[in-house]
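Naming follows writing order (A, B, C and D), and every chain is counted from residue 1.
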Amino acid sequence: MVWSDITTENIDPGDVLARVGRPGDGAVAFFAGVVRNENQGRPVSGMEYEGYDEMAGKELAAIVGEAAERAGGGRVAAVHRLGRLAVGEVSVAIAVSAPHRAEAFDAARYVIEEIKKRLPVWKREHYLDRDAEWLEGHLPAAEAK
Amino acid sequence: MVWSDITTENIDPGDVLARVGRPGDGAVAFFAGVVRNENQGRPVSGMEYEGYDEMAGKELAAIVGEAAERAGGGRVAAVHRLGRLAVGEVSVAIAVSAPHRAEAFDAARYVIEEIKKRLPVWKREHYLDRDAEWLEGHLPAAEAK
Amino acid sequence: MDVTVLLFAAHRELAGGKANTVVTLPERSTVDGLLAELRARGGGWASLPRRAAVAVNRSYANGDTVLSEGDEVALIPPVAGG
Amino acid sequence: MDVTVLLFAAHRELAGGKANTVVTLPERSTVDGLLAELRARGGGWASLPRRAAVAVNRSYANGDTVLSEGDEVALIPPVAGG
């Protein structure tokens, strides 16, 4: 079982956790990314996430499918939020259940690392003391010259 | 901030998650151990956790303190349940928040690995098709001859 | 043939705020050919980063990927999700 | 001097179901001395696993830890929490 979504709604970690788990699974791993109140010493007032919506949905689905396979057929759920988020709000949440803990941790970690590498999403940090800025990101591996 | 508990009550992952997180933390990692419905092919009806209660509380507190230090002063919460648990019930839950994801994952992983190595807790698996059995465990490092 | 070019985030600002634009290209143009064409427009387009990932019809593609009429070509700035 | 020995899980069953027992030992006995004394009792005690961790007053201790009057000595079977 895999589930993924790109949303502009508030993310509830409990809802994401509730999507995984089955009688043969002994381990549940979860990760959430949260908007911080500072970045490299600059006070932050919020974060604006822009996405290439349709491709982001397809790419996130591919990532959770790969993660489920790595977790030996474990259950994987992931959701990424777009739009303007306040400090403390959840931007991404990932839940994995698997028979054993190593698989669950590895799959959850895989999903967040792949999101950072390949999900077509960008973020613009809003500061208390200066203008907003697009943050430096990772160039996806498939690269035109 | 650290929090830990040994309990005979049902564990609610949302309660444990709610104990971590602060404005400077961008990452939340969570792990839950769940009673499986089988072990090495044998159908399991439940698990009975016995603990050396007072020492388990002290040892779990030490583990979460070590984890918080590893996570650069991150917040760490962990709870272990004792008593008779049904399949699907949560035996242990760990939540960590930290500025960045590597620290949060590492600290959560540290807590569960140390629990398995040193928490004075034992489990007796109850089977559908035969008598219950104490499971093989790990000998804590400080060892008498 | 015509392809639709999508721009996002910092790229969009470089190109004067446009989110997408239709570009007419010779048949069998490649992704690299399209990028050269865009940069040749000058202005903000000239400063489109030399390093850019490209997705054709919502899948990552290479510079030598051949384009077809109606393709949706997205220039993907370095991604920063999570 | 008297120390209280706590037994858990499989150990408790080896020792006839007793969760704790008071043992009288010579002054300055060690943890290893206590274990030898227990095994010498025969019956289930004789089969207490050769490899056992020991906690004295709720902290892990070594075989050569010296015991004192009133100590709480727990024999810790291989642990299996989580």
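What we mean here is this: contacts are C-beta pairs under 8 Å (C-beta built on N, C-alpha and C of every residue); 3 or more make two chains touch, one makes a residue touch a chain.
No experiment lies behind these values; they were computed from the predicted model shown.
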Remaining connected clusters, assuming chain A were absent and nothing shifted: B, D | C
{"item": "CA centroid of chain C to CA centroid of chain D, Å", "value": "73"}
{"item": "Mean-CA-position distance for chain C and chain A (Å)", "value": "26"}
{"item": "Multi-chain contact sites of chain A, meaning residues that touch two or more partners", "value": "33, 101, 112"}
{"item": "Per-residue overlap in chain C, given as positions that touch at least 2 other chains", "value": "82"}
{"item": "Complete list of chain pairs which touch one another", "value": "A-B, A-C, B-D"}
{"item": "Interfacial residue positions of chain A with respect to chain C in the complex", "value": "33, 49-52, 54-56, 58, 80, 91-92, 112, 115-124, 134-145"}
{"item": "Chain D - residues contacting chain B, complex", "value": "6, 8-10, 13, 31-32, 35, 51-55, 58-63, 74, 76-82"}
{"item": "Residues of chain A touching chain B in the complex", "value": "13-14, 17, 21, 23-38, 87-88, 97, 99, 101, 104-105, 108-109, 112"}
